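Taking it in order: structure first as structure tokens, then the write-up.
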Amino acid sequence: MAEMRREYILNAVIVAALFAVPLWALMAGEPFIITLATRVALLALAAVGLNIALGLGGMVSFGHALYFGIGGYAAGILAHHAFSGTPVAFGIPGTNQMLVIWAVAMGLSGLVALAVGALSLRTSGIFFIMITLAFAQMGFFFTLSWPAYGGEDGLPIFVRNQFPGVNTMLPWELFLLSFAVLLAALGLFAVLRAARFGAALMAIRQNPDRAAAVGISPFGVKLTAFVISGMLTGLAGAMMADLTRFTSPAMMAWTMSGELIVIILLGGVGRLCGPVVGAAILVGFETLFGGWTEHWQLWLGLVLLGAVLFARGGVIGLLAGREGHG
Amino acid sequence: MSLALMLEQLLNGVQFGLMLFLMSAGLTLVFGVMGLINLAHGSLYMIGAFLCAAVAGATGNFWLGLMAGIAAAAAAGALIEVTILRRLYARDHLDQVLATFALILILSEGVRIIFGPFPLYLNVPDMLRGSVDLGITQYSRYRLALIGFGIAVAVGLWLLISRTRLGIQIRAGESDREMIAALGVNIRWLYTVVFALGAALAGMAGALVGAIQSVQVGMGEPVLILAFVVIVIGGIGSIKGAMVGALLVGVIDTMGRFLLPRAFATFMEPSQAMGVGAALASMLIYVLMALVLILRPKGLFPAHG
Amino acid sequence: MDSAVLELAGLRKSFGALKATDDVSLTLRPGEIHALIGPNGAGKTTLMAQISGGLRPDAGVIRFRGQDVTGLSVAQRARLGLGRSFQISSLIPEYSARRNVMLALQAREGHPYRFLWPVRRDRGLTEPARAILDRVGLGPRASVPAGELAHGERRLLEIAMALALEPACFLLDEPMAGMGTEGVGRLIAFLRELKAQAPILLVEHDMDAVFALADRVSVLVYGRIIASGTVAEIRANPEVRRAYLGDEETTA
């Protein structure tokens, strides 16, 4: 129980820090740091999505970049048509309203995740890892060679999309919006994990035969989790495209899928705030070491290797101990 | 379209497939015997190419470079097996994916530090320059040599696995890990040898392909992913599956890129057909892999039963 | 015979040339303990797997409460009321004993697609879980993760999970395995009480326990049922003595 209390406190500290750092940057007039914090929040959001499939359900998806990219292209394509005043298809107009874009991004990601999950969950182990990778590669090469929306050059978003009551061009307000969405996603993760659905999902991860023997069909539960997971990662992709005002095939690259897994592992697999810590470490590495040495990826690799070999629980595991399921 | 062009593309596909086989053979052996998913296999390919280019550049002799590339990849493979990967055999797939992903970062940056950020260029050896007359078409002498080389290595590998003591131990390791211990085999040694063998094949592929591509950091990962597609299609752990999968992927990918845009051009306007055809062609092998897994979840030639 | 809860008719299952299940028919009637015994490798595990749904028989029919369930999955059969325990302890290792039982309870109550209300505060789960754990004597150990329970305690938790499903019949796969004499004694008393709730198909190696508990015994040898009857009939059956008990009595 002491460990659980420690994790509550740790989570509160992590979330408070993610808010405090850009707040300080706002006072100090450092908009670049606010943008970095927004990046952390959105990468964390994408990883919270993956954490539902991977952390709770034990599904090692090596293709979540697909949903990240679908979200990104949903934002890019809708904004592109809104900007040019042309219809997307069949007379449907584009839009620059984030709420609409988010709904489309989540809807599309969810549909694709439903199809990919339904096919992939027939396999397991390395085959599951590889088939999810294969579907993401299909998306990657499709966007790379489909000429209509920029192909390998990607698609710029000239004017950042709108959200009611928020000036999305101001870094601080965009951060607040991203932070709020991240909090909502963390809340969703916590609620799902605590509910009957989460109990069934985590039981299936640990012992699928036992879950079936009490009457819980693993396939449906895993598929549902996979779809929710893809939708959240898709939402993160749409928001990331708006942050960088750019969407490109790189969002669907296999390295992006790898990074999302890395984020989860560094923070702590299945832990509520693991993705936030992991995303902060990754962005921190990129920024701090990236400024100091061009070979920062060497150091990231060493840290990651050390984490896998010697610190399986990630940062949260190190600080808060093992997870309890009292 | 002409028959000559078709033949040329087909040969390109076979050549590509054989090089993929060199990559896939090591990957599939390592998974079959040790149960390890090794994402860093592409880094060994890169190391082979870099060493070959550097040594060939310094000595002017491609063959010396090739030997150096193979030796360097094997040595690097043995080193990471002994120091790091050995600890991962008993871990779950997630840990293996992450640790070898970390190795990619480390090895890529290591190579960048040693060889600098710019691509190296590796020349085709003099005796293999130019083209050969195949009757209906001219074909690159070097690529033809790659086909011959690939077949020779495949035959050699088959002999090694079916006829030698080492081969018996490898096959025993694939079917039953406890059995090799019962046979009195030093498992640690066997694992290191298998890994170094796979690394040597990857390094060889990198060095050979390096002469027709630029040698640069990051060259290993696209090939790595294709090699995974190959072994998943073929059935993980099966050398025969790797061969069939590699040729399928090599030929389908090459022919798809060649034929699909032309096929679409018969009923679409040419510029649009090029785009649609190219987009679909680049997805083709992943569609193939998904289809194989959906119909045969353990690949075409499952190694275990 | 119409009132049989579970009925197997002409089950066959082969693995290559090996006939693991060879024309097996048996019934489980309300209120009885039907023990299935046989030497190692007789096909008991294969038969249990076919009843619970993990393996498809090559031929034959499994009827449960009059319904043909031969084509149903493990989870579907469990929802109909087949409560199974495992030969080798099969629990959710990171979950506490309480959460394991709660999982079984929530599965009995319906589908797992409830996304909002936390199970921890779900009195419909926590209260019955406490009662069931008390009943099998695991009350004081409710908060311990299943993976850290002692061997005998895990067997009891298996029973507790089967109880939580309130099944129409119990399939108990070697519940006595690895238990001390004292534990076996308590479990025998418990199972005698349990059969009033639902009949039990019991696979067990401990002959003393079987003879103390069973209303009927079927003997499986090389995938075939060579004899079926009351304890007294089985004890007296010369074929059984030769094939099975004979060995034990001469070696014991």
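First chain written, first letter: the chains are A, B and C, and each begins at residue 1.
Note that in this section contacts are C-beta pairs under 8 Å (C-beta built on N, C-alpha and C of every residue); 3 or more make two chains touch, one makes a residue touch a chain.
Not measured: the values here are computed from a predicted model.
**Q** What shortest step count links subunit B and subunit C in the network of chain contacts?
**A** Between subunit B and subunit C, the shortest chain-hopping route counts 2.
**Q** Please name the chain that ends up farthest from subunit C once chain centres are defined by their CA atoms averaged.
**A** Computed centres place B farthest from subunit C.
**Q** Averaged over CA atoms, how far is the centre of subunit B from the centre of subunit C? Could you give it in whole Å?
**A** Their C-alpha centroids are separated by 50 Å.
**Q** Quick check: how many Å separate the C-alpha centres of subunit A and subunit B?
**A** Roughly 32 Å, centre to centre.
**Q** Using mean CA coordinates as chain centres, what's the gap between subunit A and subunit C in Å?
**A** Computed from C-alpha means, the inter-chain centre distance equals 44 Å.
**Q** Where on subunit A is subunit C touching in the complex?
**A** Within the complex, subunit A touches subunit C at residues 191-192, 194-203, 206-207, 209-218, 220-221, 224, 323, 325-326.
**Q** Spell out the residues on subunit C that touch subunit A in their complex, using ranges where they run on.
**A** 52, 54, 73-76, 78-79, 84, 86, 90-96, 98-99, 102-104, 106-108, 112-120, 122, 143, 145, 161, 164-165
**Q** In the complex formed with subunit B, which residues of subunit A make contact?
**A** 54, 60, 62, 119-120, 122-123, 125-127, 129-131, 133-135, 137-138, 141-142, 144-148, 254-255, 258, 261-262, 265, 269, 295, 297-298, 300-302, 304-305, 307-309, 312
**Q** Residue numbers of subunit B touching subunit A in their complex, please.
**A** 31, 37, 84, 87-88, 93-95, 97-99, 101-106, 108-110, 112-113, 221, 225, 228-229, 232, 236, 275-276, 278-279, 281-283, 286-287, 289-290, 293-294, 297-299
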